[in-house]
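So that you can tell them apart, the chains are marked A, B and C in the order they are listed, and the count of residues begins at 1 in each.
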Amino acid sequence: MSSDRAGGQPGPGGQPWRGGQPGLGEQPGPGGQGASREGAPALKIDRLSVRYGHITAVASVSLELPAGAIVAVLGANGAGKSSTLGAVAGSVKAHVSGDVRLFGERVGGRPSHRIVARGMVLVPEGRRVIAPLSVEENLLLGAYRQRSHKQVRAKLGEVHELFPVLRERRGSPAGLLSGGEQQMLAFGRALMADPRVILMDEPSMGLAPAMVDRVIDAVRAINALGKSVLLVEQNAVAALRVASYAYVLDRGRIASSGSAQTMRSDPVVAEVFLGLHESASRASAEQGPGRSEAARS
Amino acid sequence: MPGAPAAGEMLQQLINAIVFGSVLTLFALGLSLAWGTLDVLNLAHGAVFIFAGYLTYELTRQGALSFVPALIVSMVGAGAATVALEVLAFRFIRTRFANKRQAELSMLVASIGGAIIIDQVVSNETGATTFGPPSSIFKVREYHLTGSAGITNIQILIVVVAVLAAVGLDQWVRRSRQGRAVRAVAYDPVTSGLLGVNVSFVAISTMFVAGALAGLAGVLLAVNLRAEEVAVGQDYLLTAFAILIVGGVGSVRGAVLAAYLIAIAETAVVAYGPTQWRDGIAFLLILLVLLVRPQGLFAKAQFQRA
Amino acid sequence: MFSSRRLRWPGGALALLVMAVTIAACGSSKPSTTKTTSTVSSTSSSVAASATSSTESAGTIPVTFVGDETGLVAFVGKEVLKGMEVAVKRANASGELHGKKIVLSVMDTASNVSTATVKMSDAVKSNAVAVFGPLLSNEALATAPIAERGKVVDIETEAEVGGLLQIGKYIYRLTPSEFLYYPLTVDHLAKLGVKHVNLVYASDNPTLTEESTKLLPEWTKKLGISIGTSVGIPSTTTEFSSIVTKLETGKPEAIGVNMIGPAIASIASALRTSGYKGTIFCDQSATAGSLKPGGSAANGIIYGVLYSPEMSFPSSKEFTKLYEESFPGEKPQGYDATGYDAMTAFADAIAKSGSDTREGVLKGMQELTVAGSFDGGSGPLKFTGPEHREVSGPGALVEWKEGAEHMLVQGTPGLESQPLKAQ
């Protein structure tokens, strides 16, 4: 793990960290793309709604990811976090409305592979490694849109440096990695596309506590490479350790938001996600009405 | 029944088996590709195969095209016909059914529909009778080997093309950037899209390659057999199923091995045994393989942690 | 003939396929497929228009061909219809119909059993005094009982399935069995001095199997020809090299290819490519269509046929002439002759009984069979079979050369299936 190389945690709106590593620094910052505007947020979601038939999963969600920041989206199971990410990444099969801008450029409504081409990658929930392909093939697949063999090799080297385990197990089928290793592979694979923004869907899910720490370190390291990160997590404690700002989603709506500092001390957040985390997830699994009211009272 | 065949005959039958295995390989490659990667059990593969033979017949009988251009046009035509099925049917089924089994079954049914339509087109155009490209487009010549054994130039071409196509396809799927994407799409199309893979393009190009391979087989066989009819496609399809099951679904190497295995078994039955049972051999092999190794000889291993 | 190849599909797919084919066939057949043939002459089409409006006009004899004008055997149905049209033209001009004229209408079965039964019911309900067809064996078996129950004479052609004539006294068959002219081939082989033959046959085709394993051995034995290797293969076989290698063992002077469809041309080509120089003979299934793709490799193949345009019987010459007048530039085929024979038998029956009611037609057909024979396009045809409702013809032996049949030997009337006249 190379989290020690992370040069501190940039706050919202802070300058992306630009290391001396060749290649990784090439990714265009704010204003680097023709359609981008100087100073525009890395990702701006405006009144996003997602409907599956008659069921509304996300209702008019607006949020912002400043360039170079880590912003967390917290919420219980079924709060609409994954639907939000899926809609932004273009991978949900649902009715989506609202405006999504990547560095000021409108990307909403595009199919997922085009959004990748614009510089935003989703690390899906549950890792979703391509199990029968080798670790290296998974990484190469991440660089699918990059046709230059030389550049792909360079990227591969960088990812190996960041996650040495992926080099050690390069020939092994991805499905045979442990959960934590698969998460590293999912991160590495996303980095191979050389994105400006990475969306992470529950990277700590299903991992042992020690592994969660390593994942959080990796998120920090990725951010240190200059990638803006929108981190969706159920594990609020872990997420608030790296995020500078957080939104709380509840039944498809933004329930509250604020800096990580404030959120950590927010009584609602504390109760729902920090203190009563266990019972909250149980309640959400039952999808009982008035769950969050009960939690607030 | 005369006694065991003489040495010359045995050599000849061995050559026959290798040529037959090569024809089966060419036929099964495309079917295996579509099934192994996109889960499309394309029952229209046989119809596309005949369609290509028909195209060559149409293109060459008036002397409009010579062999190689006709082969290329027919392969493109066969690929396009398969892409049409993908675009008009399979694609929608794939996105509409969340359940993979259901989608597979629906695509199978859709492919039967496709087979009927393509067969009908060829039947109508040929008057439902026997057809074949004129012998002038490919001068078939026999080269004598030792004794009475011999091999024709078209047979040599079939063997060479089958080997090249099998190796090429295997390398393409295993090594190329596009082949990697094909395998990824086969395993998880949604995630593949999230990695930047244009899933529908990959599906279309895969189906095109599968169809073009059917076309390649169809044209070479039309030249070799001289005469075909619509039903020939179904006959091959049936043997190809045996090949896919024996070889292991989705394994190019398994399909090639199974193709030669079945060809040798069937030829041996013709040479030594009750010839009318030759078709039964393929199914006896299926049965044996299903009993001993249900996943096929070269099945994909399970790369999933329990 | 037309025990057509079974398309074999794996288990469930078969049922689906059958369903889909049925649906497709039903969908494609237009709601009213009763159409009058326009090719005969303008007068008959205009008369037919009134016939279909079910007001029976005096002076017309309405008949219906429930035939395969589209679908799998459309290429046969179209020829049979042409032959019928020629016969209608001849009969109407001859004056033997007591001043009346036959008007032929067509109902398309689309080569489909369920469509055929519907069309046959329609035909029986119409004012047609006799029906013809359909051509496929399974269609014929399904539709003949409808004609029988409706008490309408049904004159079948091509459908050679067993049991068809046992359905009842209204059912006739005007295509001679293919067994009847195979002996001409064997006879010819003996004349060529052939002593040893090898044989390949379609083991899943009952007709070809019976012919190859029972009849042919009898016939050849009588003439001192021995059958060495006899190879039965499924008609679905698509790989022939191994078969050809086996057929060439023992260097036979002649090789029999009793197959159907493209297998004949494929095997003949493979035999010639591998240097086989002997005679190749086959069953009458070797029609023009199935040999043409063989190109020059098919040259010299001999087989017995029902009809050849070179036949010298007066009634054959008349048919050939009339056909060529009606369809300039076309050569009549066996299918044309069977259509012509069926319609000519019908016209002769009307002439005999003097009545053109349905019962009159039956009476006329019965009188015709009692007379024993009639002159058709394929020569003098003799009534045989159950209650003499089937015919046999003299046939001819033809050789395929450069894309056409050439008659080698014309059969002798009365000697059908009598092996043989050699020596």
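A few points about this structure:
Criterion: a residue touches a chain if its C-beta (ideal position, glycine included) is under 8 Å from a C-beta of that chain, and two chains touch if they have at least 3 such contacts.
Here the structure is a predicted model, which is why all the values come from computation and not from measurement.
Counting steps between touching chains, the shortest path from chain A to chain C takes 2.
When chain centres are set by their Cα atoms, the one at the greatest distance from chain B is A.
Of all chains present, the one whose mean CA position sits nearest the global mean of protein CA atoms is B. When the interfaces B-C and A-B are ranked by C-beta pairs in contact, the top one is B-C. Per-chain CA centroids place chain A at a distance of 75 Å from chain C. Rounded to whole angstrom, the centroid-to-centroid distance between chain B and chain C, based on C-alpha atoms, equals 36 Å. Look at where the CA atoms of chain A average out and do the same for chain B: the two points lie 44 Å apart.
Of all residues in chain B, those touching chain C in their complex are 1-2, 5, 9, 12-13, 15-17, 19-20, 23, 43, 108-109, 112-113, 116, 120, 123, 127-136, 140, 142, 148, 150, 152, 155, 221, 225-229, 231-232, 234-236, 238, 241, 263, 266-267, 270-271, 274-276, 278-279. Taken together, the chain B residues at the contact with chain A in this complex read 95, 177, 180-181, 183-184, 187-188, 190-199, 300-305.
Residues of chain C touching chain B in their complex: 5, 7-10, 13, 16-17, 20-21, 24, 71-75, 203-204, 228-229, 231-234, 236-243, 245-246, 248-250, 261-266, 269, 273-275, 289-290, 292-297.
Against chain B, the residues of chain A that register as touching in their complex are 89-91, 93, 111-113, 116-117, 121-122, 124, 128, 130-133, 137, 140-142, 144-145, 147, 173-178, 189, 193.
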